[in-house]
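Quick one: structure below, then a few questions.
Read from first to last, the chains carry the letters A, B, C, D, E and F; within each, the first residue is number 1.
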Amino acid sequence: MTKNTMLETLASGGTALGAWMMLREPLVATVAAQLDYDYVCIDMQHGLQDFGDVTAMLAATSGGGATPIARTPWNEPGMIGRLLDAGALGVIVPMVNTREEAERAAKACRYAPEGFRSMGPVGAGVRHGSDYFAKANTEVAIIPMIETAQAVGNLDDILSVPGVDTIYVGPADLSLTLGLGPGLDNADAKFTEAIDAILAGCAKHGVTPGIHCSPELAAKRFEQGFRLLSVGYDFGPVTAALRNDLKTARAAVTK
Amino acid sequence: MTKNTMLETLASGGTALGAWMMLREPLVATVAAQLDYDYVCIDMQHGLQDFGDVTAMLAATSGGGATPIARTPWNEPGMIGRLLDAGALGVIVPMVNTREEAERAAKACRYAPEGFRSMGPVGAGVRHGSDYFAKANTEVAIIPMIETAQAVGNLDDILSVPGVDTIYVGPADLSLTLGLGPGLDNADAKFTEAIDAILAGCAKHGVTPGIHCSPELAAKRFEQGFRLLSVGYDFGPVTAALRNDLKTARAAVTK
Amino acid sequence: MTKNTMLETLASGGTALGAWMMLREPLVATVAAQLDYDYVCIDMQHGLQDFGDVTAMLAATSGGGATPIARTPWNEPGMIGRLLDAGALGVIVPMVNTREEAERAAKACRYAPEGFRSMGPVGAGVRHGSDYFAKANTEVAIIPMIETAQAVGNLDDILSVPGVDTIYVGPADLSLTLGLGPGLDNADAKFTEAIDAILAGCAKHGVTPGIHCSPELAAKRFEQGFRLLSVGYDFGPVTAALRNDLKTARAAVTK
Amino acid sequence: MTKNTMLETLASGGTALGAWMMLREPLVATVAAQLDYDYVCIDMQHGLQDFGDVTAMLAATSGGGATPIARTPWNEPGMIGRLLDAGALGVIVPMVNTREEAERAAKACRYAPEGFRSMGPVGAGVRHGSDYFAKANTEVAIIPMIETAQAVGNLDDILSVPGVDTIYVGPADLSLTLGLGPGLDNADAKFTEAIDAILAGCAKHGVTPGIHCSPELAAKRFEQGFRLLSVGYDFGPVTAALRNDLKTARAAVTK
Amino acid sequence: MTKNTMLETLASGGTALGAWMMLREPLVATVAAQLDYDYVCIDMQHGLQDFGDVTAMLAATSGGGATPIARTPWNEPGMIGRLLDAGALGVIVPMVNTREEAERAAKACRYAPEGFRSMGPVGAGVRHGSDYFAKANTEVAIIPMIETAQAVGNLDDILSVPGVDTIYVGPADLSLTLGLGPGLDNADAKFTEAIDAILAGCAKHGVTPGIHCSPELAAKRFEQGFRLLSVGYDFGPVTAALRNDLKTARAAVTK
Amino acid sequence: MTKNTMLETLASGGTALGAWMMLREPLVATVAAQLDYDYVCIDMQHGLQDFGDVTAMLAATSGGGATPIARTPWNEPGMIGRLLDAGALGVIVPMVNTREEAERAAKACRYAPEGFRSMGPVGAGVRHGSDYFAKANTEVAIIPMIETAQAVGNLDDILSVPGVDTIYVGPADLSLTLGLGPGLDNADAKFTEAIDAILAGCAKHGVTPGIHCSPELAAKRFEQGFRLLSVGYDFGPVTAALRNDLKTARAAVTK
């Protein structure tokens, strides 16, 4: 089976950097997978991709070395199963706030007896090898999102769920549920304390902490202890470039 | 009918700056159309879009002020007609090397008696107004590409074709046909002379010269006399950002 | 942020008339949005559109004045969030029968602390402006469907849920759950009483009543007190025209 | 092989009435095919469909009795072959103005030795039967469009081309090339004389005359002698209904 | 309304053989529907199809005699309703383990008062006839999957749910939940006993037993008493042929 | 740049075996590319794929070792350029009957000065490397089809065109133009003589002969001297399996 190099990197104490895909262009996923990213995540929650786009984008990552993962729109076992069958080697699950929700997410990623994932990995079998079934329960990453004050309050419950070896912080939603404004970071003590609590919980339970990040924030998050960091994007940079390049050119032709 | 503000700008001596779309994501076209670009060009020749993508991207430009145009894959009247019917207010036609080819391109964009465009502007009628037919022959831009040594040799023939009020230089192909390497610019005298000849021909025939450009080259091209300049892109910036942001982040987490 | 003119009209005591889209053709959505409809609703429940079609249709409404909304296939927060992120300014949620279900629907449409909508309005931010987040909790319409006998029995519970300022009656399903046949209207007292109860409940709770309607029924529903009325359709009229025009023509050529 | 009932009707002196599809919704094609239309034509020239849409729409006509045909965007053998391979039992070819163009269109529809259509009817073989190859050269309808003054001048040349048993008049383009305005009909003598000339040419060469028509014009065209009449549409009626139903409803709620 | 010939066959004691579609190619569905299969099942759970593909594939079965059904990705009423609205005449529902889950599945397939399916069968009405509503509650097949040890323990609860007249065994998942390896069959006594229990439960409750099968296993399953057997596939055979034909050819050219 | 291993194999005197894709399922292309095929050809002429499908299928071959090529629907430089830009490392061009047509096909595959291919290999650059432009003129395979009696009569003209190092025989169309029935092979002397003439012409001009083949015919073709043989298919095998497996199963359950 294709190795989950993202998990290997994390297991060996390394830091996994990821590209985050919101646009529906498989070629961009190919570009990201060929660069030295540790993972490419296709975002079905806030991105524009529907399931058919995801299958095309997963296929488009085939030639590269990055581990393909996906964010499911919601904690729904039907979609989680389809993403894994299509070849995602990990699923980020939003809004996991309780132990029950964490178990629901984790079990959707595991074949019995560890979970209730249904057998039929058509795309995954082709892409990842004939021994896919035998290894899937250890190679597939289960990544619940910790992104609410409620989840922070239930950390022990969530982080002790079998199979939950990695979590992903959503700083914007975490901020909102703490009564703050959205953003990738926040100087408010409530935010900082929540982050600290999450990191402490992860340390206690041997779980790798990850977070939605940016190139600018990478150093800070790394120093805090996060080891799974999304730092490459498609929509933001293309928007910024369209804006900035117009400005540059307009200045050049307006004299 | 929707005004072709790109042509208005050019007619009043202004400079039209454009965004050039190669990826299949309509939302990026929306972003470009909302910025202050004079035109958004959907590139069916070297871009990834098929006709269905073009219709979606043309629709996605509706709310913005930029004039939507398209590059046809080849000088084929069937596709030129479909692009116009879908709502493009101009068509860039590659590899126009002779008077006959220029006439073929121009007539495909004009209803009889000026040309042989067939009547049936379903999407254009909805998007641009019930007087579309009455005004289309003056509002639709015909933009042949001058991009070969052969075309430079036939400049008078091409630039005197009725309806050809604007042309678009493809510097990479022009370079190749001059025996040089590809690129947006070239210091070789053969390239410079070809550019000068094109600009002189345009001046002589009252045709607006345009060129495939970049933010960095905009000042130079403007000073040379070009007035239609593509300066905003999608694929290049997203690729550069994915590469650079990874580099930044990798450095930040590797200490 | 783009104003939700549909809600403005309702707030000022006006009546909002809507176009209801069941076919997968964005150009028809453009046509509807350009007419004087107050809203265009893309129906993912009984219509043929999948999420990718919805994004294309929402984009296609950009140039027009109608407020774009969508009906979610079911009361699922994942899909509700995606519809809003794509730019719908309101969501009609089918089969809301209890207070718990109404809260689930309402909270899926609201950022914390009012609800649990997750942050990431990629398409909505582009289409509706950079202040989208700041205003979304007041500009996005939450429209539960009242369409079962059970819901009529739970009216106070449902209509008192915060954020539920508008409801939408599904007359066909309401009829079925009352033991009657399907249809937009029904003369049976059970149906009339249910309608009266809904209108009374709305009046009591200050909620605007809406209903699936037709041009023919508009006067009656308006007089009853409904203020949100879907009256324009795509599938029915095209089917009727294909049938009637054939009949007319067949008669004309058969003599 | 599936019988080409449209051609059978014409061969027996009957009149074939058609539905004309411009929108990308296969279900509408199903509706048309189930009604008593003699043919359903999918319009790739002025309609919105790309080739993938055409294959879906041809598949969607399978259960009905109407003969599925298509209009190719242009007189290009590659696309004509693909439309026939996909299962169209006839192709309307726009802008056929000379004998050479008529031969090019006709031969693209016929296997050698009558033409140069290439062998490989994957979809057509499935839909129309294992004897498809044996019968295709007689069952597939070749329908050039006569829609320019030039074509009217070359009628004998065009109508005597082997395989051209039916033609289709494009009244709007014909009007334009005669120096008149667009429309399905025109009272100007130049238009009437052109129509008469076409009908006379068809009578002389034993060719069935067809024309782009409407329910209102069907009687007139039938009396003139046309026997292939497109009378059912999708885009026009849905647009009219959206406009009219809004008007009706607005009046009903504005008192 | 189109007859559900699959259910008729089962009701008369016959055996229904099915084709199982995992690839996104409607033409393959057409091929299957034209052969003598009793049903064609489009698999949205482990197949690659998204909802748009399912509508295309359902349309593609129109000309054939096989009953079109679909497997929903999960026991979700929203998707079940959409599949039925699109024209599926039955839905296979995975992972039905309790009476509550069986009722949820069954009621999603039935209009009130038997269930809570919402009214609006746009595609189904076109494909299956104007009396669709009147007959749908008897003609639509509800087919829960029995595929876990838990379900086997709850057989009486599940099989006594009104509307559950047919079930479908998933042997691979059943094996996994019994602690065995995946596969269509298993010699282990635990598997055999579970199969026997299911068959006994079906006999007791008058429910038709079905199972995911293969041509090779058909005789055994038939003798055991199964009467709904999927035996035709797309993905497996094409993969086997690509492998075997290469082997044959390689040997032929390597001498 | 990615090596064109198909051309390398041929250059070293080896035989290249290919998989031929007619269905629109990228996963099948992945399967073929992972097996030991020398090339995977996506057939846009008689297959069902449109350009968007081709880009998805080319992307889907990325992980495997087979060289991806495509058949263009017709000898049109616009489409040939797009296929190469998308990443095809060779193009099979149907119906090349004259030297002029061969030059048109060959030059569409070569950048100036050898041809007139336009610069802009977006997908090809990503997939095949940053030195793509430098090597494309030698690594891209130009494969005209010899498939008519006319082409056999013009062999010296066609085979001496620069860049034409490989040709591909279409036996079915060749048979038709010789007045015979269609098929992969034909015992008639006219067919045999044409094949012999093609092989002799190839030997004389140092061109590699290829042919549309089957596993059964591979030995014969190899012995005749053909070195490029398509032997793996998707549509035929899946159709055969659906038919045969039903027969097997029906027999098993009918006793």
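A few comments on the model shown:
Quick note on the criterion: a contact is a pair of C-beta atoms (placed from the backbone, for glycine too) under 8 Å apart; a residue touches a chain by one contact, two chains touch by 3 or more.
Small disclaimer: the values here were computed from a predicted structure and weren't measured.
Looking at chain E and chain F, the chains that touch each of them are A, D.
Copies chain C and chain E of the same sequence differ by a rotation of 120 degrees once their CA atoms are superposed, given in steps of 5. Averaging Cα atoms per chain gives one point for each, and the point farthest from that of chain B is the centre of E. Interface comparison, A-C versus A-F: the higher number of contacting C-beta pairs is recorded for A-C. Residues touching across the chain C-chain D interface largely coincide between the two copies, over half of the numbers being common to both.
When the contact pairs of B-D are matched by residue number against C-D, E-F or D-F, more than half turn up again in D-F. Here the spacing of chain D and chain E, counted between their Cα centres, is 41 Å.
Centroids of chain C and chain F (each the mean of its C-alpha atoms) stand 52 Å apart. Note on chain placement: the centre of chain B and the centre of chain F lie 34 Å apart, centres being C-alpha means.
Residue positions of chain D with contacts to 2 or more other chains are 27, 31, 48, 50, 52, 55, 76, 79, 122-123, 235. Under the contact rule defined at the top, the touching pairs of chains are A-B, A-C, A-E, A-F, B-C, B-D, B-F, C-D, C-E, D-E, D-F, E-F. Residues 50-52, 55, 76-79, 81-82, 85-86, 111-113, 116, 118-123, 133 of chain C touch chain A in their complex.
Chain E meets chain A in the complex at residues 22, 45-48, 50, 52-53, 72-74, 76, 79, 94-95, 147-148, 170, 172-173, 176-177, 179, 182, 235.
Touching chain F in their complex are the following residues of chain A: 26-27, 30-31, 34, 55-56, 59-60, 62-63, 122-123, 126-127. Of all the residues in chain C, the ones that touch chain D in their complex are 15, 17, 19, 23-25, 27-28, 31-32, 35-37, 48, 213-216, 218-219, 222, 229, 231-246, 248-250, 252-254.
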